[in-house]
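Have a look at this one before I ask anything.
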C-alpha cells in the first residue's frame, strides 16, 4: 500500500484523482489539502464521492504530507515548485499535475508562465511523465512532471512520425479542441454554461503555454528544433481533447504500420484501423489515447487524429499511471475503467 | 463464473450491460445477439469497448444462449415474452430489461403496450426486480422483470412514505425528467441533437407506459389503489433521471429519519442530509439512487427529489444487481464504479 | 422616438434588451451604464452587437439618464429602489427588470430579499408589468415592476384557472425548469459549463424568491390567499422556462376553451391545440408564451404546460412590451422576431 | 413583392428560409412542398412558426411553383437538377441550396456526389452564389447555386490571401468545425443527441464533398490549382461553423489591412480587430461572417478564424441575400436580425 497525499483537491484534476485513487487497490488516501475548504468533508463538495471517500480537507500547513510515500500536486501553476523540495527531503516522492517542472529551459518557463521559478535545481531532476516516452526514468524518479492535456494528445499523435523522421518537422500544425473542464473549476465568466454552451471558439492563437511544452518534447525526439503551429479551441463538452494533426510527408513509409508498431506494447494507446475517426467519448473517463492515421487523397499531407479524456490520460489518469510505474505496480492497476458511452 | 448471454446488444442498455459485465469478476460473456449486426465485432460498433469485449454479434438463431446460465434481454418490448419460455425450459435464468413481465395484470399491459401478450403464464411467475422491495424473491427467481427507469426513481422516492402511510396516496404527483438516452438508440427525428439540445419539453402527459408500472408497485405497498399524476420530460442531457415527487402529509412523522431508516442497509440508495439537492451527475455511470426530502416552509406538502442514472440503476446496473442476487454473489460485485463527475 | 437609457448593461437581460432595442424603430439608445466597464464599447463585450450598437458603457454617475424618456434597470436587486425616485422626479419613466418593486407587502419583500427597502413609498405606486393582467395600468404607469421569469410562465399558466375559480387554489403545484441564463452572467462555480452541462437538479426547494411574487399575483386574482408549492430546477440549456403546473379540478368547465378565450386577444400568449407539448425552443428568442392544457386520463388533476424564453417574455421582451404600452406604440412593435429553431 | 416557392421545406434549411422570409417585407410566400407532409400545416411541424406562416405543405406535383417569381430548392442533392429547367422555362428564377449546380466540372461533381448529372447544360449557366465574389453575375442570374456552409466560411477566410497571392496556395489547411444541424434533419443514429452530445469527432477525413467546391472557388481566384487539406468535424452545438485556416506566408503584406480593405464594403463580412477570437454564437441566427487574422509568434504561418451560422450565411440567409440581389432589393433587406447571444 502506498500512502498518498493530495495538495489542492478542489479542482477537477483533484476530484478526478480521488475518483481513480478511491478505486485503486494499493492506495491509502492519507490527506487532501485545501486552504479554503479545510475541515469540510470532501464528499460534501463532491457528492459523487459519498460513501467512497471519507476524508476531510485539511489545512495545507497541518496535513501529514511528510508521512506519505507520494504526494500529488493538483494545484495551480507555481505552488509545487515552492513545496516539492521539503517533501523530497523527507523522502516523499512527488507528482506535479501542474506545469512547474515540465519545461527544462527555466528562462522559457518563466517567460510563458510569467513568474520567476522557485526551484530551478529541481527542474533538471524532474522526469517528464509521459510513460510512452520516458517509462524507465519514471520508474526511478523522485519528482515527476505530469504532462499537460494538449501535450499528451499532441505528442502521442506526432511521436511516431517525428521519431521515424518521415515528415517535415519544421512545419507541423496541431489544431486541438478541448472540453471545458480543461479550463479548470474556476469561477470565470467565459466558461459559464450560458457562454460556452452551443458555442465554439479558438483561443490563445497568439501563443498558448502548452506550445513550448509540446515543442520541447518533439524537438528532443527529432534531435532538432521542430516548427509547430498550435491552435487550441474551446468545445462545448465537459471532457475530451481531440487533436487534429497535420504534417507533410518527406519520406514514404507505411504510416499505419508505423503507428501500430510504435504503440504495440503500450497499454493505453490504441491505434485504430485505417479510415477510423475516433470520438472523444470513446475514451470518456478512461486512461486511453486513441489514434487514427489518414492520408487524404493519397496526397502529401498526413492527418493524425488523437483523442484523450483531458482529465484522465491528460491529467489524473496519467498521474496514476506514473505512480504505478514509480512504485512497481502493474502499470494498469486501478486504471481498468471502461469508457462511459453514451 | 456465470456464463452470460445478451439478446439485443445494439441499444444503450446493451452497451451499458457490456460496460458493466466486462468489469465483473464472475461473468463470462458467452454471446450477444443482433440480427442486423451479426458477424461484426461489438467493439467496431462501440469503440469504447475495444480491448475489453472481444465478442462478435451473433445471429439470434445461432447464438448458444441455451448454454448460458443467464440471459439478459436488452430488446424492444415484445421480444422477451416470445423467447423466455424456451430458455427457462433449458434451465437458463432470464432477466428482461424491457417491459414484458413488469405488469401483473395482463389486460392492463396489453392496453398500454398495444399488443397481445405472448406468455401470460410467465407474467405471474416473474419477479419484479426492484431489490429494495423484493430482494428475497429475486434471489430465487428464474425470471426477473427489471424495472423501468422512471419507475425505479419514482418508487424509491415514494416508497418510505407510502409504506408508512403518512401521505395522501390518492393524490401523488411525480414530475420526472429524463436524459435523452432514455429514449433509446433509435434513429428518430425528435431525439436528434439539433432537436433535443438546448430544449426542454414534457411528453406523453396524457399517459406514459411507466404510469401503470409505478401505480402497481406503490399500490401493492399501500394496500390500496394509489392516485398518481405522472409527467415525464425530455431533458438535454445524455444520462440521468430526476424525479420531483409531491405528496400531501396526512400524518406527522420525522420524514428525514423515515427515509434514512428505510434505506439504512441498502447499498445503492443514499439518503442525503436535510436541505440537499441531488445532481443527476452525482450518480452518473454508477448504480446509485440519491434521495433528498424537503418540506417547503413547513407546509402540508412534502417534496422528494430522487436521482438515478437511467442506464445504470434505471436499467443495466439494476440488472447486474439482480444477477448478483440470483447467483449468490455479493450484491455490489462489479458495481463499485465511482460516479463520473464532472 | 423614445430616448432610452439602460442602467447595468453587462448582464444577460442587458444584452437582450440591447438586441431588442437595436431593432426597435421608435427607440433611440441614449446611454448604457456600467461602473466596471465605463468607457469600453458595448460591442467589445458583446461582439454580437458589432455594427448594431455603437454605444460605449458610461459611468453611472455621468450618464445622461435624466435626459431620457425611459430608463430600464437591468441591475441586481436593490439598485433601482435607490435611484428610481430621482429619475421619476426628473420626469423619466422607469421599468425595473429586477425585483425591487414587485412585492406590494414591503415586509415580505424584505424577508425574502434580505435587505431593507429603500423606497417603500414607490412600491405602492409601481405597476406590476404583466400586460395580460394589468394592461391599462401599465399604459399610465410612471414606474413598472417587470415580472420575474418564473412568475411570468407560472402566472400565465394558472391565471385562467384561478380567475374562473375552477381549481383548488389552496393546493397548486408549480414544477418549473429554467435554462442556465436565468442565473445571470455572474462568475459562480455552480453555473460553469462543466458543472451545469449534462446535469439536472432542483434548487431552493425550501423557498425561492419568486414564490411570494407568484403567490401575490394569483392571490389577487383569486381574491383569497392561494397555496402554492413551487420547485425550480436548473436545466442544461441556455434559454427557456418550462413550467409544469398541477391543479385539482373543483368545478367542471371546458378547460381548453377557457384558456383559448382568456388569451384570444393576447398577442404574446399562444394556446396550443389539445394534446400538445410545447418545446421551450418554440419560443427561443421571441416574446411568446405557449401554453398547453392536459387532463391526464380524464382524472381530477389538470396539467398545464407553459413555456417562455426567460430572457424575452421572462425579462427584456416583456420590458419592451411594457415600454410599448407606456408610450402608446403598437404593443408588438419591435417584438416580431420569429423564434429561432433549431 | 416577390412571389416565392420553396421545394422541400421540412429540413433545417427549409424552416430557416421560412423564418427569414416570414420577416421579409418584399416576399409573398406562395407555396412550400413536401411529398410526405402534403396537406399538413407548416406550423404544425414547426410550432415556432405558429401565427407567422399560414401555409400548408403541398404536394410537389400540385404546387403552383410556375406562378412564382422565384423558387428555392431546399432539397437533398439531385432534386433541383431534375426540376430547374422546367421552372426556368416558365420564367421562374431558381436558387438551389443543395449542391447540384455548384461544381462546374460535371465529371468531378458526378464523382463526388455519386450520381449522373441530370442537367449538365445548366451547370454552365448557374452562378455560384457567393456575393462577395460574384455580386454582379448574381444580379442577372436566372439560376443561382447557393454555396455550401463549409465553403462559405472557408472561402471568405482564404479569399483575401489567395487574391493577393501572398501565401503558398499549394499547401492550405482548413480545419473546420460544424454544429450538428449541418448534417440535416434526417433520422440517423450518429446525430442523435445521446451520440453527438458531449462528444467531438472528425469525419470524412479521406474526402468531403465540400473539398472540390472550395478548391474550385479558390483555384479560380488564384488562377492556378490550389492544394487544400480539408478536415471537417462534428461539434456538439446546434448551429455554427468555425473554420480555422492555416497558410504559409510567401510575401509580406499587412494582413490585417488586407482583410479590412477586402471586406470594407461587404455588409455581411466583419473583420475583427487584431488578436480577436470570434465565437460562433456571435453570429447565431444572423447572416454575418466574422473573421480574425493571426500570425502566431510572428512566424511563417498565418491563422485565419472564420465563423458563420451554417443555416444563415451558410445556407438560408445567403440564399435570401442572393434573392435580394436578383430582384434589385437592398442586399440587407430582411436580413437585419441581431445575433442571439447568449
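Every chain is named by a letter (A, B, C and D) in the order it is written, and numbering of its residues begins at 1.
Assume a contact is a pair of C-beta atoms (placed from the backbone, for glycine too) under 8 Å apart; a residue touches a chain by one contact, two chains touch by 3 or more.
The structure displayed is predicted, hence computed values, not measured ones.
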Length of the shortest touching-chain route, chain A through to chain D: 1
Most distant chain from chain D by Cα centroid: B
Whole-Å gap between the CA centroids of chain A and chain B: 36
Distance between chain centroids, defined by C-alpha means - chain A, chain C (Å): 45
Of all residues in chain B, the ones touching two or more other chains: 12, 179, 181, 185, 194-195, 197-198, 236-239, 278-279, 281, 284, 342
Chain B partner contacts - residues on chain A that touch it in the complex: 12, 15, 19, 22-23, 46-52, 181, 185, 197-198, 238-239, 270, 272, 276, 278-279, 281-286, 290, 311, 336-342
Chain B residues touching chain D - in the complex, by the definition given at the top: 12, 179-181, 183, 185-189, 191-198, 236-238
Chain B residues within the chain C interface of the complex: 171, 173, 175, 177, 179, 194-195, 197-203, 205-207, 227, 229-231, 233, 235-240, 242, 244, 246, 248, 275, 277-281, 284, 292, 294, 296-297, 299-301, 303, 305, 307, 342
